[in-house]
Amino acid sequence: MGKINIVQAINQALSQEMERDIDVVLLGEDVGKDGGVFRVTEGLLSRFGPDRVIDTPLSELGIIGAAIGMAAYGLKPVAEIQFMGFIYAGLEQVFSHASRIRSRSRGRYSVPMVVRTPYGIGIKPPELHSESSEAIFCHMPGVKVVVPSTPYNAKGLLVSAIRDPDTVIFLEASRLYRSIKADVPDELYSIPLGKADIYQEGNDFTVVSWGTMLHRAAEAAEDLDCEIIDLLTLKPFDEEAVLNSVKKTGRLVIVHEAPRIAGFGAEIAAFVAEEAIEYLKAPILRVAGPEAVIPMARLEDYYIPSKDRIRKAYETVMKY
Amino acid sequence: MGKINIVQAINQALSQEMERDIDVVLLGEDVGKDGGVFRVTEGLLSRFGPDRVIDTPLSELGIIGAAIGMAAYGLKPVAEIQFMGFIYAGLEQVFSHASRIRSRSRGRYSVPMVVRTPYGIGIKPPELHSESSEAIFCHMPGVKVVVPSTPYNAKGLLVSAIRDPDTVIFLEASRLYRSIKADVPDELYSIPLGKADIYQEGNDFTVVSWGTMLHRAAEAAEDLDCEIIDLLTLKPFDEEAVLNSVKKTGRLVIVHEAPRIAGFGAEIAAFVAEEAIEYLKAPILRVAGPEAVIPMARLEDYYIPSKDRIRKAYETVMKY
Amino acid sequence: MPTQIIEKFEVKYLQIIDEKGQADQSLISSFSDSDLKRFFEAIILARTFNQRALSLQREGRIGTYASILGQEASQIGSAFAFGSEDWLFPSFRESGVLIARGYPMWMLYRYWAGDERGMKAPPDINIFPMSVPVGTHVPHATGAAWAMKLKGHRKAAGVYFGDGGSSKGDFHEGLNFAGVFNVPVVFLCQNNQWAISLPRNRQTAAKTIAQKAYAYGFEGIQVDGNDIAAVYKATRDAVEKAKRGEGPTLIECFTYRLDDHTTSDDALRYRSKEEVESWKAKEPLIRLRLYMEKEGIWTREYEDSVVKRAQESVDSEIKKSESFEAPNPSDIFNYTYASLTPRQKKEIKDFGWER
Amino acid sequence: MPTQIIEKFEVKYLQIIDEKGQADQSLISSFSDSDLKRFFEAIILARTFNQRALSLQREGRIGTYASILGQEASQIGSAFAFGSEDWLFPSFRESGVLIARGYPMWMLYRYWAGDERGMKAPPDINIFPMSVPVGTHVPHATGAAWAMKLKGHRKAAGVYFGDGGSSKGDFHEGLNFAGVFNVPVVFLCQNNQWAISLPRNRQTAAKTIAQKAYAYGFEGIQVDGNDIAAVYKATRDAVEKAKRGEGPTLIECFTYRLDDHTTSDDALRYRSKEEVESWKAKEPLIRLRLYMEKEGIWTREYEDSVVKRAQESVDSEIKKSESFEAPNPSDIFNYTYASLTPRQKKEIKDFGWER
């Protein structure tokens, strides 16, 4: 047990799982010698060698496409896409293949692969390094989507993602990589996919969030008696946890940084409006990115949901 | 004025707009000599010549990527993607470029292009010919999404899409192409983007739908006093029309064929749960595709929302 | 002097039996009589399968179907060159490849009738499900071959795609990885001169598809795709090279799609009857028959008996295919993930499909 | 006999001034003294800009920055070869290209400080905004060049990307279209030997990037990318060829990234000091200076005055950049669509950003 950050937690998960299972291989741009641009895979090349920690050409489609073939053949590839903004080239591979090969072959072949990628706003990087497009992956049946929020759950969820028999998109908030340190068991452990974490118990309203925004949503909730749900797995999400909480509190605010329109918050809201409308005392509010291209550094802080905007939403639902 | 189907209506829109504006060019696989696999562009090559009706290599990324360059330079390209299931290769071009070049260059460059593609379930085709992924385009700020439902609105909306200064994804329900004939003015006319059509007025509940499902939703509503909204433009959608209707009826059912989870129906539901919850007498129901890979022909009818499933949803909301 | 030549390439073309049935003696000698008969019989079988598929489609008993007529040599010659331990990645127009590898024809008919169960390859047949999105399966073969290499298995992967498929980014990235990581894969381009209505010379300005291999640092070769001996030999050489650890090869099979693109297409809209006729003279069976006849291996009676056996076999496969129980609607859910999610269980219940 | 050679290629390499400042007389003669001075001065200016950008980044006055040190000849030599009517499509590492084309340096500094307004090219400068997603802008150049051709404009497009960029499907599809439609575009690969930590020989197994052109049916050439005369000549020839309607060219500028990948990178993690040192001897300014000195065009005083002017100019550009008013938050909305949607208007109101 020691206090480590998310970069270290993920590194531990990878390294311990690679130790345990010889079929796990990593591939991606700069994951080897350079240890990844965020140093998530640091030290793994020298430990596991170039057959298991593979520096690839600049080729997101190729990385995901080849990983599909590797997975179908029997390896457990963990592909890294350097930033989520560059995953789009691989979408056809994910949507038309990874998510369908089991169904297409009626179970003869499957694609147990993980695609890890840093996502989200908040590190003032160049353009397209701040994407948060989890919703589009959530829409496609056949893939799972996981977003850890702490060193502890990052390690345990990544282990589960690697062991999962289906393709898992594993989104790592770049803003959180080094900003939180917490106690994490040294040994290997796993946290089941599909289960939310009740980050804070409370009674007056429910907050649903994930990744970076979870922490901001929690900060904004200071001294309020609300229940905060950290979704952790977005697809399939923990319907029961959301429902139980909303039934208790009667109010719901969803916080995410992705654009609001057709973001994953819409699914949570629609789900509750279908299953628990009679419990609702207030409108369901979403605090999310606006209908605009994600700006570069100078305007970044204006785009990302601020503590104030989140707080305002809390206060609004509490008026009902 | 004559009774024509949607294939003919789109063909008219293209041909009349090309006549009017010499900058409009068509490109795509088999759009020239073959007239398109659905014959939508039939006769246009001989009328406008190979410089304006262009058969391209098998290259969806290339088609969309080159069209971006054409549009930025001053043409008005209308790109055809043969089936929506093959548009995924072009998503990076749409998400990282078409939708952002105006913002990236602060208005110096823009991408006034249309990407037409047949979408949807119901013609018992090979795999991946039945996609209905409108939601993922709706999530990305910077592109518009249009789904016509009749010969009349197909013609008028396509004309507006071509004239629109931004990138428009224009989704043509393959199941409707030849199944509806209606009176369509011979002359060129346009229907504004962003405005829904009140397909049927009514009082007891509101139905929101688009494309193929609009018609099935209407059939299922036989002898019920409901208001049916044909969204037509999904992004940006007509918030006012939806809101006014729900305020009047107090009940909402959304019908689409895309998978339910994080589908565009979620946005409509979430929007109403935010803006009009106090008017709601019943849960908001979505009748949509299930959480499953879209099946091939033998099971197709089990996947697509049936009249019965839709009817059941209507009856459910009416119980409240 | 300031301009130097720093690299040179040549693109080779291989033919063993020409259109008139004349064979190169040094190369044909490696084929035994029974090899040639095996080729002949497989072409007849695939052709019989194909012709019946076209009729079944016309009768509404299967859905849209992609004919292989004219491409049998490219498909079967190459498929025969792989071992049963090797993995093949077909596109949708590879019925001949599957049949050559012993894939149950009744399952193929099921598939074309719109039933996914037809693509569940039997456990002993390492064939990936056909890829409908053109060219996008190329990286899968690279990945599988790479896994073979990493696991130390002495195997190869083979992937089939058309001239159209060579235009996709997936082709580029898949071949580039194969070159960089030197994996045991054979890229089999079925250049049948058309991608629906687009002729080969509008698909790419390169004179050959084969030369595209040099962009990735490995060898490409064009073979007469209607010459089953040439296709077999080129593929066999490439498979052996791959298994020796000497990396990938791109083989362009120069052939022709004699039928419409699929049963939904009408090729007369975009190409001439004359062109098709000129290629009919070059189709794979004629030259093989001529050569075998000259060598005394072929007789009319022999062919009749082969045809008869093929027809009987196809008949019984069709019967089997059509008597197969209807798919279970809940299969829609059952294979989306390894196990049902709570949401799916709820949906199955809502649909009334519980068992 | 059965194996024929059906196609042959050669990849050429062009150098005019070598590392020792020796020039090929027949080729250098087309450059006047003032041409060479223009090159020299542009390199100094770009280098001054670059060095100051690195300092500003260290001081936290701009964000992550991608240095061009060592690549000035590749960038400037090629940029000078286009006319002002031509359109250029840079990647993020093309500050030198923009500066050579007269792009206001203060705007470039604004851009690197995270302000989109820096990428709004002035009306008379046809430069597309820098593409951050590597290689994905290649098809845009093809499309723009195609539009020029369709509109009958006698212009060309030029697109810059790295060795890494050549691995993307966008490169493949963009070059293939350019070949098929024979459009006036010049593809400029800045092969600086590294893509972050990946060395060129792991990016592709092809010996050169230039040879990839043959996959698309047009010519590729490798030039000494540290020789500004060679880069200029090769590009000029390609631009003229394009404008004559003779189609695209791929030019591989063989150069070296002397600095870290960006200011967020530490290149010592993956490459040796010795390698970098060996390339320092080949950098573009040394040989140009040597040659100009031999020709009596260069003196120490000349260089000093050029440097002084460059520094003054960069100083004043930085001042201008930093005194530029802060961006308006509602700009986030203002350029997403041509006009605000109702939802956006509501959001602006909610945010309290109405004007």
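Per-chain numbering from 1; labels A, B, C and D assigned in written order.
Quick note on the criterion: a residue touches a chain if its C-beta (ideal position, glycine included) is under 8 Å from a C-beta of that chain, and two chains touch if they have at least 3 such contacts.
Computed from a prediction, not measured in an experiment: that's the story for all the values here.
Interface comparison, A-C versus B-C: the higher number of contacting C-beta pairs is recorded for A-C. Look at the CA centroids: the one farthest from the centroid of chain D belongs to C.
One inter-chain figure worth recording: chain A and chain C are separated by 40 Å, centre to centre, where each centre is the mean of the chain's CA atoms.
Between the Cα centres of chain C and chain D there is a gap of 43 Å. If each chain is reduced to the centroid of its CA atoms, chain A and chain D end up 36 Å from each other.
For chain A, residues that reach two or more other chains under the stated contact definition are 56-57, 59, 61-62, 85, 89, 92, 96, 99, 103-104, 127-128, 141-142, 236, 261, 290-293. In chain D, 116, 133, 136, 167-170, 173, 176, 180, 202-204, 331, 335-336, 341, 343 are the positions where the chain touches two or more neighbouring chains simultaneously.
Chain-to-chain contact here is organised exhaustively, every possible pair of chains being in touch. For chain B in complex with chain C, the residues that touch the partner chain are 29-30, 32-35, 37, 55-62, 85-86, 89, 124-129, 261, 290-293, 295-300, 302-303. The part of chain B that touches chain D in the complex is made up of residues 25, 51-52, 54, 56-57, 59, 61-62, 64-75, 77, 89, 92-93, 96-97, 99, 101-110, 141-142, 144, 164-166, 194, 236, 239-240.
If you check the complex, the residues on chain C that touch chain B are 63-64, 92, 113-116, 132-136, 164-165, 167-170, 195-198, 202-204, 264-265, 269-270, 326-327, 329, 331-333, 335-336, 341, 343-344, 347, 351.
Chain B meets chain A in the complex at residues 85, 88-89, 91-92, 95-96, 99-100, 103-104, 127-128, 133, 135-136, 138-142, 235-236, 258-259, 261-275, 277-278, 280, 282-286, 290-293.
Those residues of chain C that touch chain D in the complex are listed here as 1-16, 24, 27, 167-173, 176, 179-180, 182, 202-208, 211-212, 214-218, 222, 230, 247.
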